[in-house]
Amino acid sequence: MGRLSRPPNPTLFRLVYGPQLASDRSLVLPYLLRIDAAHVVMLDTERLLKRDVAAALLRVNREIAVRLARGHDVLGSPPTHRGLYMLYEQQYIEHLGNDAGGAAHVARSRNDINATVARMRLREEMCGLLSVWCALLDAMRSLADSHRETVMAGFTHLQPAQPTSFGHYLAGVTSELVRSAEWLAGTFDCVNCSPMGAAAGFGTSFAVDRVQVAELLGFRTIIENSADAVASRDYLVQVLSALAVLGTSITRFATDLQAWSSAAYGFLDWPDDLVSTSSIMPQKRNAFVLETIRGEAIHSIGALVNTLAGMKNAPFSNSVEVSAEASAHVWPALSAGRKALELLTLMVQQIEIRPARMRAFLGDAGTTMTAVADLLVARHGLGFRVAHEAVAKFAAEPPGLSAADAKARLEIILREVGPEPVIIDEGALAIALDPEGCVRRATYGGGPAPETVRRQLQGLARRLEQLRARISRWQQQLADADARLDAAADAICESRSLGEGLDVLDQ
Amino acid sequence: MGRLSRPPNPTLFRLVYGPQLASDRSLVLPYLLRIDAAHVVMLDTERLLKRDVAAALLRVNREIAVRLARGHDVLGSPPTHRGLYMLYEQQYIEHLGNDAGGAAHVARSRNDINATVARMRLREEMCGLLSVWCALLDAMRSLADSHRETVMAGFTHLQPAQPTSFGHYLAGVTSELVRSAEWLAGTFDCVNCSPMGAAAGFGTSFAVDRVQVAELLGFRTIIENSADAVASRDYLVQVLSALAVLGTSITRFATDLQAWSSAAYGFLDWPDDLVSTSSIMPQKRNAFVLETIRGEAIHSIGALVNTLAGMKNAPFSNSVEVSAEASAHVWPALSAGRKALELLTLMVQQIEIRPARMRAFLGDAGTTMTAVADLLVARHGLGFRVAHEAVAKFAAEPPGLSAADAKARLEIILREVGPEPVIIDEGALAIALDPEGCVRRATYGGGPAPETVRRQLQGLARRLEQLRARISRWQQQLADADARLDAAADAICESRSLGEGLDVLDQ
Amino acid sequence: MGRLSRPPNPTLFRLVYGPQLASDRSLVLPYLLRIDAAHVVMLDTERLLKRDVAAALLRVNREIAVRLARGHDVLGSPPTHRGLYMLYEQQYIEHLGNDAGGAAHVARSRNDINATVARMRLREEMCGLLSVWCALLDAMRSLADSHRETVMAGFTHLQPAQPTSFGHYLAGVTSELVRSAEWLAGTFDCVNCSPMGAAAGFGTSFAVDRVQVAELLGFRTIIENSADAVASRDYLVQVLSALAVLGTSITRFATDLQAWSSAAYGFLDWPDDLVSTSSIMPQKRNAFVLETIRGEAIHSIGALVNTLAGMKNAPFSNSVEVSAEASAHVWPALSAGRKALELLTLMVQQIEIRPARMRAFLGDAGTTMTAVADLLVARHGLGFRVAHEAVAKFAAEPPGLSAADAKARLEIILREVGPEPVIIDEGALAIALDPEGCVRRATYGGGPAPETVRRQLQGLARRLEQLRARISRWQQQLADADARLDAAADAICESRSLGEGLDVLDQ
Amino acid sequence: MGRLSRPPNPTLFRLVYGPQLASDRSLVLPYLLRIDAAHVVMLDTERLLKRDVAAALLRVNREIAVRLARGHDVLGSPPTHRGLYMLYEQQYIEHLGNDAGGAAHVARSRNDINATVARMRLREEMCGLLSVWCALLDAMRSLADSHRETVMAGFTHLQPAQPTSFGHYLAGVTSELVRSAEWLAGTFDCVNCSPMGAAAGFGTSFAVDRVQVAELLGFRTIIENSADAVASRDYLVQVLSALAVLGTSITRFATDLQAWSSAAYGFLDWPDDLVSTSSIMPQKRNAFVLETIRGEAIHSIGALVNTLAGMKNAPFSNSVEVSAEASAHVWPALSAGRKALELLTLMVQQIEIRPARMRAFLGDAGTTMTAVADLLVARHGLGFRVAHEAVAKFAAEPPGLSAADAKARLEIILREVGPEPVIIDEGALAIALDPEGCVRRATYGGGPAPETVRRQLQGLARRLEQLRARISRWQQQLADADARLDAAADAICESRSLGEGLDVLDQ
């Protein structure tokens, strides 16, 4: 092509052009076809291309699209080539001759085309991923709702801390995951901008209508500066960051679930079709899927690093290092993230909770000590630190005292530490020592009281609904644009050649 | 404290508590004082604390704040301790006795306090960083505006590509940096939420008013779920991601500037007070600051990795691993990012452009070949690929042909490749071969035509203004909240004890 | 299998077992066959398996191996399954019945098998990668040798610094790359240890001979502790670290080459079959392969991060998170690293150096100023700092002074700065001002004098030879072990059943 | 200095030179003094400096060193400057005048000096870190030895797997940590090479003796190529990689310890001076130090990323981006790694094991099922898979059956699955069902039998001893070199000026 007298070196072909085409055929060509159609429609509208040439190009475009959809090999398999675009254009030249066949490439470049393909592909992947994410969030929200009254020990530093409910815990994790999903969704507008018209990064003297192309391709808007349009890939970092937050959040959740499904806790389990056994240890039931989930979930961290490192010290212009190499990491990360989400959804849907085991664990875990201290403050007017000191002493007692014994013991302790003797209300103490009671009373501060958790979940449900609505809206916009482009192309294909001069000739 | 019979092990004190306090004194204590005041005001409002106790606590709070502001050592230097909070509370106990002195810690925990401190500190740092960022963007925008007509070679893959202007290039980089600044600003709302009331992560049975505390501390809203409030640090990843994008963008810009300041290009330079020479090579003038900038700019990448890795597989609850360890990486990254921004601002402000060198370089760089091909399409009706092939042949000629010679040579080439002979318009060809003309005509597609760049810069200026307005609004909100809190505390301090019973006792 | 009443959940099958098998068929099965054979031979030797059972198992093993080598589908395509191992064992059971077919799994587990497969696969990949690496180093060494006298400007901070040769520069880069190759090679012994016998991580009560299995599989030694054997994957970090150093070193080299091939320098170029042009800019010749190389070279950084993050906070035991998920990143990183090495070798082999351009650039680059200062010290007895100050002033003169003019100017300057007047030796000054002379005299401190570089390259050649010898030795050891295992298996297959009791029964 | 007419810009001074000097004073200056002394001694030996000048320089050097050791401010506090080196040289000029004071900088540059300082500083830090690491390994080895007979459940995927001992587990972790320590130690030789003589990266025409300088500074050897000497920092990646492996290994160990110290397991604990309680939950005893350890341990991952990213696409030459910026990350990572090691050593030394809780947990964990399957193979001749199937059925029984009941149940199951009825040896079955017995018999495959673990620990002790010996040897070599340098400098200082001409003048 152009100045080059020779096809690519065979080693270069074997390692670069060959393998690249294999994936470009299925992953890039469909978008290239749409971009090409939109560009030609615009050139026609702006009278930068003769109507009959535009129509001929669009007919070939349609034919290739149809054959591709039917699974045909639309590019042939030449023994050597310089990548998808040149092979693609070659199809036009074979149909329409060198002059008309190569006419569409006015006021564009592979640089802006590649930049556009990546964004079109990414916005579809994002819609897909967010839908899967919403499914997980629904499953979690629903599980949380069922377990608003399933009392369990809350932990900090792995030690029993205060009574809570499994629903409250789940609502907490779900809150973070909803927030991250919203954050990812918040990057969609940044992705959904059209670089077309930037050409090689320096715009064009042809009077192109960038906005029309953007609309035909379903983009929200255009990228104003042509250097920015081809050089920047900041949105990849935005998307991967959201995936990385998702990933680490998922590992935290999956770590808790796996601990609680272990024999030491026995709080939860899964049916046989979601656990594995051992090839050697016949008794084993391993929730290994949680380990797979954790592994897949964090692919995005390395992808993020590679994307950032790939951009580091690259010139601010179109660059293979950025637009091809650094940009390649987002796809496997999206796929791994999606896999983690789907598997986790399955695990959440199929989880089997063992409330009795949760309740039994609370028995001697001492988690009500904060409630006892709170009682001393609220009912008996002690300062909190004094109450805390007293209850710390009390907590060293063997668990399972009756309320009467507890009262007696506490009163003795209070006489040692406190300013004056206190007569403890035995009934109130019995309630404070009761985990269910603690949970019921933890109405404030976002605590586990069932009603409080219900309100939290309602809030999350509303946000989830809004998120789904946004995704639907985006998908509808893409579908509408597709229809618009098809209609515009059809109109041109079916029109008679108008025979007039082109505006381009008067430039 | 509490159940523990012994002070911390000396090694633990030497490695953990000791060094931690050194930085907590200046970086955490000021926020702790505000949080404490807001919490006590709320406890008073909700009648969860006796008015006289509240007043006494707030008086001590005010006194400590005053002494701290004067640079006093307000905590003493005990030979051993268990960290800032306990030392802080000890001050109250020394003033007010064990009962009243320790009374403020009702319905709160170090967990929600720490979570709150981090957010308060971060939002201030963010305002500062964004202000510095805006200063850079202003300097870049202004430099770009001055160089809308400074024609230079545009590059791709480091090779001369098409004529552009230095202003257009700068507008492109500025576009990306504005977008990243907006992205960072977009995380502010997520940071600016109050965890207070979550206590240890399980809420409370005391009827606290979380919204009041949030308002007194200038927070936009509260975090609903108490587990989420103490366990999540997702906002750190949000902030660090934006810093990492900033960092890589800066390295790209600084890489270009350094290349162009090298002897091989000589496009730009800096005054003596911004370059270094060599201890051994007397002729050297090194723009080493650009290397410092690149190095500082990417600190955030490692910090991001450490934050993500630190969260990975941590239980979803309060955890030193997350709330202290993984959270510690954001501060040095912010400081390095800020340093990179300040240094880059200085370099942009002081840059000396050499338009003559830029223009001379264009002389034989062949950057107008696209314009020639475009001419063949626009004026002479050739298909673009045919025109491209012809000009590729023409581009192999030695540079510097007169328009007449160029016309002759092109016509010969066109006879070889084209479908039919073409008579080229010599005047139009002369214009196409002129870099200034190319730039002037590149009006479309976001290209470098001065008027187009002016519009791009106007758009950026508007967005920058909006960004500044947001930052000012946030800073005002924080100042307002401070004033509100002071007033509320003063009112309590000055009121007489009302002698009534507390609501807390009726709980 | 075992306790599980149901096949895997269809979603689990679709996302995990299904895709995993697709790659395990080609990448794991060949190693599994060898491990299985070695284990059975050992069980036979130790009389832990009846001779006729061992022979039957080995015959099936051989048959599967033969069919696999012929490209047959040896596992069938069952609609659902639980992964490669179970399908593999199923083949034996189908041939030999449940009893004999499942008899080989004594004293082993999928845990130690998987750990062993990874090491066998990695050591082969390492040999391959190191061979490719050596080819690059040979090409670089040879190019450096051809250009020991190709004088060019040496740069620091991108500014011309002192005269050097292209050969000296290349010798420097090659030195670092040889060192990194040796570092990678240094991890081979750590990789080449056998986990077999560790079973699930808790050893076995069967009197297995681990050393025999290790020898039959070509391992250097065994891993002593069974928990370590199945839990540790530290060698992955070792290998990936060496790849990451390689990667960053390559980016530095490729950055320099691309800069020097740009129009601004024109020091080097490549033939048409290694550059690309532009779809829109007909004059372009882009050394884009260097960008591809840089992108591929740093895959290892993200892989390293993912491997480390994947291991973080995983229990120290066999774990899918570590042994499958975190371990999966090494393979694509190896493949990308190899691609970068092969492409770079090609670019080095085909490079076209332009000595005249290099020499012309030196003309006014002021790179001999250090030599002038050195002359003032060496010949005229000035202290270095005084000489440096004087030459710094001199360096501000326009370039290209004659020796006589330079002498005059310098003497004036020296009268201003120096302690006493100096009469400069004009002949010596002329030599100092001559870049070729500077290079020739830079004999010390590892400088670019051709003879000095020759000695550096000889040293590198010797180390490279030693490295190649190590790789050959490893490959021979693996081949020898293969032959040994085949012979041992053949001997058992061909023996008659001996009918004696098994030692295992007396245990 | 040199060509520069102005001091650094105040902002540059505030952000770069100022802060840098603050740390260079204590961290770089001591090494600079040694390097300077060695260089001058060599210049004297090679007759490149007059004896009286050399003596004068060395006397100032000694004086500065003495004053520095006494804590004096030896550089003054000038209002502006260009960094440590220039201030340092200024001291000489003030004492000796411009001519002699600046005479030492012949044949050297800040480039090779900085490269040398980093290596000197690093090798000391490495010796320190490895010593601390050895202390941990000793503590672990010793703890493991004490618990070779402390039977506990071994886990995989967090589920009870097979009986093991705490000593066996510890020996496994220790094995990996010893290997990583050896790997780090293996990088010492690469660090311990002298760049001196490379000057700015292009060697010198002065007949310096690099080997002498290297020996006086305790280096093992020199770096042959001068470009390599100043451009490469690959050893930083080597060191950080070893720290990163250490870090992740430590997180795995600390994760297990924290899980086992939780209430759900209760296997181990620490005294009060190593746990924390809660400010709100009086019953809490948190092993939070393990979380601190995990956080500190992984600093190296981000540092590694920053070092690699910092080098990416930097020119291969001396560069602030690499030699200052990218190199800065190793120091905090070393310090965090050391902190993690020291804290973990403390936790290992003070750990309190609860063997009774470990034993009780084994009661109904089903960990002996593999042993039962093994029995069916070893004693009753079943194929392993058949035995495994049978025992999987048996494992579903409630735990705690008597041997007689177990025998009866197993025989029934075997009739269902097996080829023919089996009469199980009840005595052997009782032994198989006994965890202690399982551990005792797991003699093979690196299993937990006490004697096997003893041998593993002996092997580790031997390697640890060798490692300590290497560290001591290095430290001795450094001390010897120091003494050698002092003696050489003293000899020169005390000699009379010899009055002869310098070789440098004949060059």
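We call the chains A, B, C and D, going by the order they appear; numbering starts again at 1 in every chain.
Throughout what follows, a residue touches a chain if its C-beta (ideal position, glycine included) is under 8 Å from a C-beta of that chain, and two chains touch if they have at least 3 such contacts.
Just so it is clear, the model here is predicted, and its values are computed rather than measured.
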A-B or B-D, whichever has more C-beta pairs in contact: A-B
Chain whose average C-alpha position is farthest from chain D's own: A
Chain A-chain B separation of Cα centroids, rounded to whole Å: 23
Centre-of-Cα separation between chain C and chain B, whole angstrom: 37
Gap in Å, rounded to a whole number, between the CA centres of chain D and chain B: 34
Contacts with 2+ other chains: residues of chain A: 1-3, 105, 111, 155-158, 161-162, 199-200, 255, 259, 277-285, 288, 291, 294, 298, 301, 304-305, 308-309, 312-314, 319-320, 370, 388-389, 392, 395
In the complex, chain C residues that touch chain B: 155-162, 258-259, 261-265, 277-288, 291, 305, 308-309, 312-314, 361, 365-367, 369-370, 372-373, 388-389, 391-392, 394-395
Residues on chain B engaged by chain D in the complex (per definition of touch): 1-9, 11-12, 15-16, 82, 85-86, 105, 108-111, 199-200, 255, 271-285, 288-289, 291-292, 294-296, 298-299, 301-306, 309-310, 313, 319-321, 324-326, 328-329, 339, 342-343, 346, 350
